[in-house]
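What follows is chain A paired twice: with chain B in the first complex and chain C in the second.
Moving on to the complex of A and B:
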């Protein structure tokens, strides 16, 4: 950056008070060059070609057309996997968000003062967060066997990492004055935490958990692809048999379920804030 | 306790009814969903397998990790980054018009609602189905991955874009109007400065997410690091899995570090 400022010297301006201020030369050319370089590299590596898209773009709609109209008779067989998916994400989200509470308390800088503990717990949380959910689910199917248990475990691990990070950031924004006041009045640390920090964090925590639940219902439908139960299982099966009208019906049911759950969760989250 | 505090305490609505109700509802929901918890299905050697997996992941295959040819981890990671990058950019380009058409302060409400339904429908279809559709267009490979990523990004990107657009401060544009600016100047000085920090921040965040989700593409053969990872897992070569995961995790952590820095700077202006 310093070299850049030497090549393009900043504009000097003298204010009416006699003070000189510098306006640095715009950084936009630098950013644009970087972006352009990345784009060219990406286009080269991925083989992106507009002409292919123009010529064969209509192929995209072939499967989509076969999905419409969806086979309505198939609904009766979708309900059970759908309920499995919802149960999986409900229990998984719940366990994950409960498990996240102790870890996020240890990871919050205003509760724990030891720098090493903070670093370790935060690194642990971000390591788990970077593990792709699909991979966790696959590992879980090896350990727990095929079925909803594996999906539930994968979802709770993902929720744990996500809610954990959000929660410790929320705890850190709490004004610690009330906490100190409770301690000054003679309450022990646990009790002061319960009465001074928890009420501040609780609404945001609930809303994070609900938000996570919304996403998990969507995600749970993918997990079946690796044998973790739920909608993904029949989705995978029907794609394998190329019964795209049934696939369309599954997607339609999933769409309605997600719409309903998002509506309820949006309403509750609005109330919480 | 002073009188004032007591009075305040008495004014507080008693919420025990509400609390009991919520607890009861939660208990019912959990009881209903507890059928997914099937610990008896655990395969007998589940713990052994877990031990093998963990030891494999912590002893990554070094040869693969430090292999800088086209089959090595570094190239795979680079390919994944490229897919996520290009996918995010194409997705953002597609999402901008969609979100302008579904912002209630720009178009009439029925149109906005209709476009929102379309966006939600786009969001519901899982990534691997888009992957299958795009493979018909481009053949298997990274190109299909880019297209899949871009369509998958539309949902979240436009949701955030819409919020930004609806928060647009119209008074600034009115004042520019009053001082005699033409349409181009109004867009350049009234609209773009208001939108760009949030838009860029959202796009960078989505890039982060796309990098994490890119493993899904491997399921259907749409390029990236997912396919080698899943092959290695299904043939129980845990050392290889460890090597690939190490590469992926390091890459994600580095990019997350930089993207958080940029986004914090954008938020502070």
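Moving on to the complex of A and C:
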């Protein structure tokens, strides 16, 4: 930064009192150069070619074209997998959200003062969060066998890690005044938490859970790819058979379901805050 | 009865919060503690219910050695001491009466704490506490919808519902406008007279301290530099507490006299 200031000297401003203030030259050119360099590097690494995009890009529209019009007759066979998908995301989100509560309490720095407990729990939560849901689902199929049970387990594990992190951060931002007042009145830490922290985090917690559920419905629809049940199963099958009109119908139904669930969840979350 | 005998408090960085403090405060006294920020007012107040630890000397409250208390005993001891804070420390999201009822929580069984079930007697007691501070009609409003002065009264009602023998107030009027501050100080004076509750409060407004409290304790760098009747405080005493820089409004106070 010293060098930078030498190349682009700061602007001197003299006030009427004779005092001088230095305004440093803007750092934006430096940031832009860095950004451009990274962009070029990633083009090299990923082997991106604009010509490929030009030549093959329209294939995407060919497939999209074949999806239209969707095969409406297929809808009767979609309903069951769709319900499976919604069921496993609902149940998975619920279980994960409940399980996250005790862990986020002991991961919150304002409730637990022991550094080792905090670090261990947080490390555990972030480890689980790094695990892609698809991989979790794959492992779950080995444990629970093919079907929605495996999908549900994968979703609850993901929800657990996501809600757990969000919740402990919400707990940490709570104004601890009321907690202090409870302790001064002779309540133990657990009672103080229940009466002075829970009312503050409860709306945000419910909102996070619903937000997670929205995403989970979308996730759940691809979990079938690894045999974890739901829409992904038939989606995989129909793409394999190149029955793009059926694929179109599946996507349309999924879109409507996701749209509906997001709408309801958005409405409730609005009411919560 | 609160007895400080040679009490000191040294922080881990070597700073002395309290320096050889010896005090006797009888039941039913109304005491204001004045001094600069960082002089040890808060430390003095908070050591009484052991929200802060002392490092030397003995501190007895109604014959109990505060330093000896632990766990359950400490918590049941704290139930007899009310505490008021500068920023009220209410749960703003819930109703006023629920906030007052929180004073009942420490002694409640777990199965009633979780769903928040209170008995009729507890509710009536909470409402009576609200009536004493004159905001009974706000009982079912959300606490964060009230003005600062009203919120401080809710905090006062919460403390009264504890039926304490002592109330510790840490800068209770610092966040309030001058008019409301007077009203809240008036509430303290009334409670002190009617219920014979010992009141100790930290305060920056010297003129309020002199107008409402009976006894003034001046503290400077952790040492007690003045302890006497409010009427015996004069300019020299204040200079001893605050040094050269007098707090705002004090000059006028003595010019008027």
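Assume the second predicted complex is superposed on the first by the 251 of 273 C-alpha atoms of A that agree within 3 Å, B and C clash if a C-alpha of one lies under 4 Å from a C-alpha of the other, contacts with A are read in each partner's own complex, and residues count from 1 in each chain.
The rule is simple: contacts are C-beta pairs under 8 Å (C-beta built on N, C-alpha and C of every residue); 3 or more make two chains touch, one makes a residue touch a chain.
The shown structure was predicted, so the numbers you read here are calculated from the model rather than taken from an experiment.
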item: Three-chain arrangement built on chain A, chain B and chain C clash or fit; value: clash
item: Touched partner set for A:241, first chain B, second chain C, both or neither; value: neither
item: Which superposed partner A:181 touches (first chain B, second chain C, both, neither); value: second
item: Which of chain B and chain C A:148 touches, first, second, both or neither; value: first
item: Contacts of A:127 with chain B and chain C, given as first, second, both or neither; value: first
item: Chain A residues touched - chain C or chain B, whichever exceeds; value: B
item: From 112-120, 130-138 or 220-228, the chain C stretch with C-alpha clashes against chain B; value: 130-138
item: Chain C-contacting residues of chain A that also contact chain B; value: none
item: Footprint of chain C on chain A - complex, ascending; value: 177-178, 180-188, 191, 194-196, 199-200, 203
item: Residues of chain A that touch chain B when the two form their complex; value: 38-39, 41-43, 45-49, 52-53, 56-57, 59-60, 62-64, 84, 86-88, 90-91, 94, 126-127, 130-132, 134-135, 138-139, 142-145, 147-149, 151-152, 218, 221-222, 225, 229, 232, 235, 239, 247, 251, 254-255, 258-259
item: Residue ranges of chain B in contact with chain A within the complex; value: 26, 29-30, 32-39, 41-43, 46-47, 49-50, 53, 78-79, 82-83, 85-86, 89, 120-121, 123-129, 132-134, 136-138, 141-143, 145-147, 212-213, 215-216, 219, 223, 226, 229-230, 233, 245, 248-249, 252-253, 256
item: Complex interface listing, chain C residues touching chain A; value: 49, 51, 74-79, 81-83, 85, 87-91, 93-94, 102-103, 105-108, 113-114, 116, 155, 158, 162
